[in-house]
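Starting off with a structure, shown below.
Chain nomenclature is as follows: A, B, C and D, assigned in order of appearance, with residue numbering initiated at 1 for each chain independently.
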Amino acid sequence: MILEKFVAEGLAHYSYLIGSGQQAAVIDPRRDCEVYIAAAEAHEQTITDIFETHRNEDYVIGSVELAARTGATIHHGEDLDFRYGVPAKDGEVVSIGSLSLAVRKTPGHTPESISIVVTDRAVSDRPYLVFTGDLLFAGSVGRVDLTGNTAGAAALMHRSLHEALLPLGDGVIVCPAHGAGSVCGGHISDHPLTTLGYEKGTNPFLALDNDAFVARRVQERTYIPPYFSMMERLNRDGPPLLPASRSPAPLTPAAVKAFQERGARVLDIRSPTGFGAGHIPGSLNIWREGIAAYAGWMLNYTDPIVLVDDFNLDLDRVVRTFQRLGYDNVAGYLAGGFSAWSGSGNPIAAIETWSPQDLAGRLADPDLLILDVRDINNRTEAGWIEGSQHSYIGQLPAHLDTLPRDRLIVIHCDVGYKGSLGASILVARGFSRVVNLLGGFGGWMKAGLPVKR
Amino acid sequence: MILEKFVAEGLAHYSYLIGSGQQAAVIDPRRDCEVYIAAAEAHEQTITDIFETHRNEDYVIGSVELAARTGATIHHGEDLDFRYGVPAKDGEVVSIGSLSLAVRKTPGHTPESISIVVTDRAVSDRPYLVFTGDLLFAGSVGRVDLTGNTAGAAALMHRSLHEALLPLGDGVIVCPAHGAGSVCGGHISDHPLTTLGYEKGTNPFLALDNDAFVARRVQERTYIPPYFSMMERLNRDGPPLLPASRSPAPLTPAAVKAFQERGARVLDIRSPTGFGAGHIPGSLNIWREGIAAYAGWMLNYTDPIVLVDDFNLDLDRVVRTFQRLGYDNVAGYLAGGFSAWSGSGNPIAAIETWSPQDLAGRLADPDLLILDVRDINNRTEAGWIEGSQHSYIGQLPAHLDTLPRDRLIVIHCDVGYKGSLGASILVARGFSRVVNLLGGFGGWMKAGLPVKR
Amino acid sequence: MILEKFVAEGLAHYSYLIGSGQQAAVIDPRRDCEVYIAAAEAHEQTITDIFETHRNEDYVIGSVELAARTGATIHHGEDLDFRYGVPAKDGEVVSIGSLSLAVRKTPGHTPESISIVVTDRAVSDRPYLVFTGDLLFAGSVGRVDLTGNTAGAAALMHRSLHEALLPLGDGVIVCPAHGAGSVCGGHISDHPLTTLGYEKGTNPFLALDNDAFVARRVQERTYIPPYFSMMERLNRDGPPLLPASRSPAPLTPAAVKAFQERGARVLDIRSPTGFGAGHIPGSLNIWREGIAAYAGWMLNYTDPIVLVDDFNLDLDRVVRTFQRLGYDNVAGYLAGGFSAWSGSGNPIAAIETWSPQDLAGRLADPDLLILDVRDINNRTEAGWIEGSQHSYIGQLPAHLDTLPRDRLIVIHCDVGYKGSLGASILVARGFSRVVNLLGGFGGWMKAGLPVKR
Amino acid sequence: MILEKFVAEGLAHYSYLIGSGQQAAVIDPRRDCEVYIAAAEAHEQTITDIFETHRNEDYVIGSVELAARTGATIHHGEDLDFRYGVPAKDGEVVSIGSLSLAVRKTPGHTPESISIVVTDRAVSDRPYLVFTGDLLFAGSVGRVDLTGNTAGAAALMHRSLHEALLPLGDGVIVCPAHGAGSVCGGHISDHPLTTLGYEKGTNPFLALDNDAFVARRVQERTYIPPYFSMMERLNRDGPPLLPASRSPAPLTPAAVKAFQERGARVLDIRSPTGFGAGHIPGSLNIWREGIAAYAGWMLNYTDPIVLVDDFNLDLDRVVRTFQRLGYDNVAGYLAGGFSAWSGSGNPIAAIETWSPQDLAGRLADPDLLILDVRDINNRTEAGWIEGSQHSYIGQLPAHLDTLPRDRLIVIHCDVGYKGSLGASILVARGFSRVVNLLGGFGGWMKAGLPVKR
């Protein structure tokens, strides 16, 4: 038997290959699915079955792509009208070598969510492992706010956890669909895997009865990125197959400009310092590791995207991240990096960057507006800078009208990255006096500056 | 937290890297140990501790090799006279980030065998995982015939299993030292990992009481390959080294500061924009592709070099470039990139960066000194900005006395990179008013600004 | 013949591997020299010679490192007192397969600079290619300012170009030591290689007579980075080693024979069928995946081990397995695989292989002795062929005296691999009538043949 | 400027990427064309143009595939009615950065053959390099027998060589489409590249006047593999795009049998010894490195192909070789290698293998027929074993009727591989007494046995 976990960074998405004999199954594959095929080949196994634990909303599912390449059967929950694959009934069992993969209906995160309970008949009838999708994570549980009926979904989830999952036994290994950093659950721990026993003993959500669980869940404050709706549609209908893809083209500064004039979005993936000191006017700044989490708030699926970096290292990975989010519209990148632009004689825009100490020295300035773009929960839990105003980064584009154009706006987030994104949005929309706080609120605190709660 | 398993095929030997924060430990490493170093590097962690669950007899241990390359401490059971490492007492705890790795004496397979119980203090005091060495395997247990006293060893092993291991709780993940096919245990199942609960319910050896267990074990017919005696000697005394170089260590901001205070040179390999908007005070800026050409002007061969980048991509290539120049003194790099520094509350230095247009608008300012650091031939051939002074970048450190400390110095080169290096030299040497021209003379010309010949 | 160019970016340094037959030479290697070894291995060639065209000043030479790992001879110009290698006289010729590498003194860049003229005797006596070091580049020539006497060096260089190089003929390929961007020559073109004819027609420096050439060179304004002096000292004295292990050498059939006569163990890692139908007399057969389990029974740690395979695929993994077992004595492998042996006219040994059906048809033959070499537990659990005798494969070498030399011995194991190992032991020890059962006891059972318990 | 050569082993096919600025062109791409895209990306270049020097007949061209992935324009000779791309006139020039790629009509090998002359305008108007396709090779020239009018084609080729090519100048680098071992030219030297000057001085074909050239060419004895006609059709019409390909499936022995019964061809890619001692009845033996040269004689494009190896190493490369020949019908491979078959209880076929000494000892046996399957030219040049009969391996299937079924047939080739292929053909077609000579004629000679001329 083999079990391999695949991590899509940024999304903190986990998918799995599980095999026995000459067969293998994949759970919740991502769209760039060669990795599963290669891993199965290395063990001389053929992928015969694919499971979708639920209609994922945070990335483009890869099951249709993988099925097209392997001929495998896609299984998913029967309580949603998927346009591909075959619905699996509760209790249905798929054999993979000596393994039995039994489907359990575990609604909650979504109505059609399923878990997959694995037993190895060669050893015993006892459950060995369970793929829990977005039901149970290490230290946390899945979101219940996506269906519109949070209380109802929470009640269902509690039942799924306590009636379908926990009775399997403490010793069962838990393989969830997400790890720490995912937008699909709050406060997920960074444990790479866990067990039902460990969760029962340590997961705060499992200590609540149904009422308390529902009560807690309805109070949660969460954000739904707009691209989720696109993902939901794609993942219900089956996304388009990946084209034998054209790579993004290297572009001269003149070509980047031409693209921009025809409506392309110039996305600068450098750090806040690099972007701050100089960037292409009108460009947006999402650092390379933040694309999975924030591109879906800011970019559409049709206008070409042009990337700007410093040394153009490992852009393949950046493009792959976009593909996982369904963005097949990355058209090109600035060859030679930003210094090709600054050496081209074209105008250069800049955003001032301050250290926490700089800001502390100017707090008294009445011209100054501090704008906090963190997740509201982080603000509540960690505190804030006195007098600061809040607008979550994902919702900032919709809230620009509430901001004064005549004041000096100092944006900050947790670390400085999202602040730079926010600043780039403001400047691109005509705000002329914008500063990003390097180090964000974390740097502020570590510098020993005063925190309000 | 990260957990990675490494399989040595043929031997069916499993070793593990477990990490948290910026630290990692390795359990039972094999001799070709680059894989652990590479995996730790990928997570920006340093291997600080190595555990030998027992004196392995079926392969050459890699702990001595790995310790030589990383400086990590080797821990092993105290009941054998190892010639290397430090003996660990029962109950001794080693911290790896938020993890506690507690040593439990579990004799049986060998008298000095230990197990390592892992708890994550960030989550709970409950045991999360246990490394069982050759005590407990998936579906089987370790050999007890190697010491000569099979019955005695079997009785000890039974006690270790039932008194030290099983009471940890059903939900504890079990990471053994071998899988199916090993000569270190019979009938090991092919499950890649397991739990105490699953083993309690399915492992035939755990269903026996002490007498029955001993009776069964003494009846086993086993073979001892002659090379085991060589391995036992080597693994007690420490095998010969396959020597090689240490990789640079990931460093916290505090560690970078400490290095700097002890005389290390902090080298920032980002672009002029990133460096300009924020950098570690006193650091030098040579962009990654300029190291081959300019490091030899600026750095000596003895003081440690510490690297600073944004996303720490492909640092291996940077280190290789240094080696080609004879610099074997690259000691470390800032883990998490510059944003770890800006989030640390430490002071941030900055150098203003101007576009050609910015400079053109201030040419008349008598306070301003334009310093051209290009190769003199480039100046002669391509022309210069009227009124600019020349000092080749390589010779700039020797010419600082000729520069006025009270004027605003705008440095430029051909493209902007060497200008940033020059600016970093001046600022590190106490010049307080320094600007770098983005795009350099090339950008100046392309912007259509006046050139003097 | 093979020719590979290696580019060290940043330095724009070119080094070369040139090979023919089973030999290869490296020109101006860099310090991280695994690349040359890997490339030579991919062509089953051994690096026997290294050339330094001059004492390089811009990087640490890799010849000492490479020589330490390969045992190759280092050749350099005789007009400098190098502390390593052997000085080469003008006209001296080194043979690499059918290639002649002739040394030409070409002073100028440095006094001891040499060029290497390559002729392929298998084709013609005409020069085919020349390695020009820092004498001639694409579109440029080397620096002459490093010795202190620029005019003198320039005059020498002009003579080297026009008297030693150009007379070789227009059609000669030019392989220089640097490309565009190097500090070792100005205005080098970005052509990856060139010819004497193309340079004669286009290189501005070649159009000048000696006086004009000298006049132009003395007017050049150049910079000498301070690290050059460190490089010059290191490269004259030999830089410190980055020590590491030697790879096994590709061997001709004659070399394998010589090794064997001096006590080496020839280990054939092919399958039982390949080994059975033909092998090197006296060789032992452990299939590649069985090495971890059985090498420790059969091989010692001192006599060299020579490997034999069919297509020499992935031998690195085989060597790594040996290292894990403490065997650092794998000395070489048969280049070209077993067919190189069978095509060499040397004697070929064979071991008959039978299918289960073949054996079943001859069970009644009283001359026949069936020898079961499985683990005794497998025999007990799965049963045996009636009348068979047992001796565990690991203990077989010690039990040879108990076997009759006058009977036909049919060896079998579980699958056929260990049987072939057993047969190879018997035949190497003088048993003349030995058969291996393909498929082993497993095949016997699956063919429906009678099993005794 | 960059120039990279790509070698398709087995076919000895050379293709090239040549780039300048942000553009690149590919010459004669192969079908698995990711390598060109990756190489262009590494230099931040976009592939804008593709050249086919002629309608290749020995492999599936990759230009259609590459154009589909990059949008590049395909250029080919105008004297054939290609169904894709655009015809290029003599003298037509394509710009790639500062390079001019000029088309020259050079008929001979085929009527529409072109050469591409490269000039770098940034340096000079002199030709720098020429891509010669199948016109001029290192030490040889292209075939002229494929059009049916050998004398006419030879006369055209002579003119192309002497009027279009040689006048470009001795210093021009020559980049041909094939190297040593190709079926597209005889006696090609193994020089990786050459120059017009070196060829003029050493290539025997260039020393002949038109009449002598024609006379020599019409006397050549050559073979045309039957798959050439398929390639010619595909390469004129444009081959199908590669499907997002399904990998071959791992198969059990039972599944291999079922495939075989439904008409699949079982292809054993092991060496002659492995195949000889045991193989699946009815399987054909082409060793892995011989597939490029011999599959096209033996296999069709529709029946599934099932591979058999020992350890299933690097099967990806084997599949890629098939794809280059247009075989998209590799359906599966025997999981576990041949030992899975021999352990399955299924019948095992065998072919006796003799050493040269074995054969020498039985030469007098009148029952024995020696069958030489080498290229007739090798027989003529190197000599033969007295009394042997000749039938070229490629034509053997068509000549089976001429062989006696009642005699002991000993097949030999040069080394032993093609002999094993021949033996496998005979045995699969019902010949019962077949022996393969290990080492072939080469081994015979090296063993000092008598040679007839």
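Basically, a contact is a pair of C-beta atoms (placed from the backbone, for glycine too) under 8 Å apart; a residue touches a chain by one contact, two chains touch by 3 or more.
Worth saying up front: this structure is predicted, and the values here are computed from it rather than measured.
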Set of chains adjacent to subunit C and to subunit D: none
From the options A-B, B-C or A-D, the pair that copies C-D, where over half of the contact pairs coincide: A-B
For subunit A paired with subunit B, centre-to-centre distance based on mean C-alpha positions, whole Å: 26
Separation of mean Cα positions, subunit D and subunit B [Å, integer]: 48
Subunit A residues counted as touching two or more neighbouring chains: none
Of subunit C, residues touching subunit D in the complex: 1-3, 120, 122-124, 126, 128, 139, 169-173, 189-202, 270-279, 287-289, 310-311, 313-314, 337-339, 342-348, 350, 353, 355-357, 415-417, 438-440, 442-448
In the complex, subunit B residues that touch subunit C: 8-11, 13, 30-32, 58-60, 183, 186, 220-221, 223, 225-228, 230-231, 234, 239-240, 242-245, 289-293, 295-297, 301, 320-321, 323-326, 328, 375-377, 392, 394-395
Subunit D-touching residues of subunit A, taken from the complex the two chains share: 22, 37, 41, 44-46, 68-71, 241-242, 244-247, 249-252, 312, 316, 335-336
